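For clarity, chains are labelled A, B, C, D, E and F in written order, and residue numbers in each chain start from 1.
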Amino acid sequence: MSKLTHFNQSGEAHMVDVGEKQETLRVAVTEGRIFMLPETLALIQRGDHKKGDVLGIARVAGIMAAKKTADLVPLCHPLALTHVNIDLTAEPENSAVHCVATVKTRGQTGVEMEALCATQVALLTIYDMCKAVDRGMSIDGVQLLEKAGGKSGHWTRDTA
Amino acid sequence: MSKLTHFNQSGEAHMVDVGEKQETLRVAVTEGRIFMLPETLALIQRGDHKKGDVLGIARVAGIMAAKKTADLVPLCHPLALTHVNIDLTAEPENSAVHCVATVKTRGQTGVEMEALCATQVALLTIYDMCKAVDRGMSIDGVQLLEKAGGKSGHWTRDTA
Amino acid sequence: MSKLTHFNQSGEAHMVDVGEKQETLRVAVTEGRIFMLPETLALIQRGDHKKGDVLGIARVAGIMAAKKTADLVPLCHPLALTHVNIDLTAEPENSAVHCVATVKTRGQTGVEMEALCATQVALLTIYDMCKAVDRGMSIDGVQLLEKAGGKSGHWTRDTA
Amino acid sequence: MSKLTHFNQSGEAHMVDVGEKQETLRVAVTEGRIFMLPETLALIQRGDHKKGDVLGIARVAGIMAAKKTADLVPLCHPLALTHVNIDLTAEPENSAVHCVATVKTRGQTGVEMEALCATQVALLTIYDMCKAVDRGMSIDGVQLLEKAGGKSGHWTRDTA
Amino acid sequence: MSKLTHFNQSGEAHMVDVGEKQETLRVAVTEGRIFMLPETLALIQRGDHKKGDVLGIARVAGIMAAKKTADLVPLCHPLALTHVNIDLTAEPENSAVHCVATVKTRGQTGVEMEALCATQVALLTIYDMCKAVDRGMSIDGVQLLEKAGGKSGHWTRDTA
Amino acid sequence: MSKLTHFNQSGEAHMVDVGEKQETLRVAVTEGRIFMLPETLALIQRGDHKKGDVLGIARVAGIMAAKKTADLVPLCHPLALTHVNIDLTAEPENSAVHCVATVKTRGQTGVEMEALCATQVALLTIYDMCKAVDRGMSIDGVQLLEKAGGKSGHWTRDTA
């Protein structure tokens, strides 16, 4: 099995040299869920921009977080993102909100970290806004769904 | 059921007024896991500061993220944290790394958002360092374990 | 007339020493407007969280900007805000959106910079979201309306 | 009239996909003024780097703010700026300071947000340094003067 | 000899718990120098706010950096500074610029990191502005001169 | 001798226009040392990821600081770094830790500021972690060792 690339020959952490990698269009799609009490989900669903738009604020938080990924993840390369989209769907059958984040750029490294970071912070923001009524919420299944661009090619969770 | 406090009378988002809340010692403990292939966990476990200290770097990332919570979560109050501790434990039986974050402050609002944010970013950093060998990792069960201080008193997940 | 306090005896910029000032409850209220074409305002008014909630996103941007004031304004003291509220009102009679920001803290310096910064960034965010249809918008009348707390006492624009 | 591009098909905010837009040289010029008491302007004009260089500090603040635009404006694309210039001129006839900001980059989106942000923060910094002697100052006429590069071509306020 | 307090019982990095420490007035004074060619120093000395105020800009950069210390130094506690002053003196006899930074707060931990960070970034900014004419400059003797407040009491370099 | 390029015709600070400069591979190598008591160095050397990995944490701090350079240095251009490496070596003969930072990018300006910033913050982080046992440590000799790419060509300290 290959070794971890984030460490140099001496085993010390470094920001991997991507200077020789090709600039290609990069896409990453990630997902995650926050599980909550049915009453909490009902409160979110009743909300709209006049009555407390929890999902709208979480979406903005996720988009902004994508831009801060390299500030948060120590060995992550800074990237100029060209697109971020966050879908947040109430799932009454799961008593959860489902988040799907799509991030694109044209660059030398992939954008899966940005998409995962956007997903996490969108869900964290839902936690923040609902915690006064439901402390027990749980964030689950934050993971990569699909990735395209770069040497490693197209990857999807289903066929992995 | 009470309404969401992060929205004002008109249903518009605001940063809740905590000016009248008492300054007390606040503690929050949160947890989360990242699940991975057994080979990936073995790579992490073999690492040390000479051979690639994945957990050490994730710990630093988590501590730094706790300090950035109010930058990431839109309606979160800025807080001067007095303590952050991140425990990362390899769990071969789960093929996972378990993260427990403890955050303290003396202030007018709780620190559960800071502890959750630290947990998320520590796990995200593990993803980053191992993604070249294991794209399918998943972050799960990010949740509050315990909370003390403030009007709402002592809360623990077990007895909730 | 008194001299500028942001410069020391030698006329060099410094962050003024507020260590001896008393901690009191501080409040600041500011306002500002963005003027636009009537059609642009109509687009904003038609929007809601299903059709593009411009004002909701501007509100979040303003709240987050209040927290970054000390990062942007060089000689501004960092402050732990206890409350931020942003009111955005469409004014068809002025073909404008009116922003009123209220910020509070308990501290040794006032929060008018935070309230002005929140106002500016909320209006700037409206510009960003509408610029594709109306480049000529103008941000005007960003100013302090009221200030309370601290040695200088209560100040209101009307009676100034 | 066209709809707002910052919202997707479902009316949800997103960071617009600019991946297909061409990289061209982009320029934006913006302006704004801060109006004040004549005595306040006189204090600023007397200042120099030995006696309190208000305009010099405001200029630095504006340049640094241009670099933070994507952090402040939620749906703004991060851009690597290649040039920022801030002109600040005392206008005794208006009892105001006039700010003109010029920003350039080579990229897929324009830089008007960066130039507006630089203008706002430069003027805000003047407010901060003079507020102890003049609380009533007002920031006005923050607007785009000129824009070049990209599909929309050359735009100037005069001929708009 | 005592062990390093920034590591917990298991030797893992943490942000030390200062919750039990007393809030006292804290002061730290630090210094540092940047050595350069005599011609470079002459250029700086000729500068003023009309001809390129290198020292004025370095001073602002140092003050702003003091506020970002906890963002840069992983285990550093966030602190609300009450005063920052940066003295920059041209020393023709040393062909150097000498920086002295003074930082104060009222809090549970000291401010020597903030003062050192301010000193470093002020000198780094001088390097940036002069590097086109003098790449060989060197930053030296960045160190603590004096520290007061807190359990460890008054410390001065001379008597240490 | 040439004048300082960071000031425009009127002697006012600006971010130099690099839009016409060519995109080339840029490399910078810098160094610096922190001098300390022999006992302090011994403590650092005994450390490892189980007993307090001072150098590992300083390395991460340095890498993250490289990414923040344009936030700290007012007139510095933002750059998307492609590689950062930090070597930290204990030098018992000097009672010091030696830091060498290497930074690369493909861009229109050099990366010496990023490498110097990484060096400074790595050494500052060592100071932070050891200050409880040794306040007198000193950071010295922070300077450029080598620079390649761009119009100015290859520069090395030895042959300068």
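Methods note: contacts are C-beta pairs under 8 Å (C-beta built on N, C-alpha and C of every residue); 3 or more make two chains touch, one makes a residue touch a chain.
For each chain, UniProt lists the protein as follows: A, B, C, D, E, F = Cyclic pyranopterin monophosphate synthase.
What you see is a predicted model; the values in this text were computed from it and never measured.
Novice: Any chance you could name the chains that touch chain B and chain F both?
Specialist: Touches both chain B and chain F: A, E.
Novice: From the centre of chain D, which chain's CA centre is farthest?
Specialist: Of all chains, B has its centre farthest from that of chain D.
Novice: Looking at chain pairs D-E and D-F, which one is connected by more C-beta pairs in contact?
Specialist: If we tally the contacting C-beta pairs, D-F comes out ahead.
Novice: Averaging only over C-alpha atoms, locate the centres of chain B and chain C and give their separation in whole Å.
Specialist: 31
Novice: Starting from the mean Cα coordinates of chain B and chain D, work out the distance between those two points in Å.
Specialist: Each chain's C-alpha centroid was found; their separation is 37 Å.
Novice: Express in whole angstrom the distance between the two chain centres, defined as the mean CA positions of chain A and chain B.
Specialist: Distance between chain centres, rounded to whole Å: 16 Å.
Novice: Spell out, as numbers or ranges, the residues of chain C touching 2 or more other chains.
Specialist: Counting only residues that touch two or more other chains, chain C contributes 12-13, 48-50, 53, 56-57, 60-61, 64, 68, 71, 74-75, 80.
Novice: What's the complete list of touching chain pairs for this entry?
Specialist: A-B, A-C, A-D, A-F, B-C, B-E, B-F, C-D, C-E, D-E, D-F, E-F
Novice: Please output the residues of chain C touching chain E within their complex, sorted ascending.
Specialist: 8, 12-19, 70-71, 74-75, 77-80, 107-108
Novice: Which part of chain F faces chain E closely enough to touch in the complex?
Specialist: 1-7, 10-13, 32, 39, 43, 47-54, 57, 60-61, 64-65, 68, 71-76, 112-113, 116-117, 120-121, 124-125, 127-133, 135-144, 147, 155, 157, 160
Novice: Using the touch rule from the top, collect the residues of chain E that touch chain C in their complex.
Specialist: 25, 56, 59-60, 63-64, 66-68, 80-87, 104-106
Novice: Would you pull the chain C residues touching chain A in the complex into a rising list?
Specialist: 48-50, 53, 55-57, 60-61, 64
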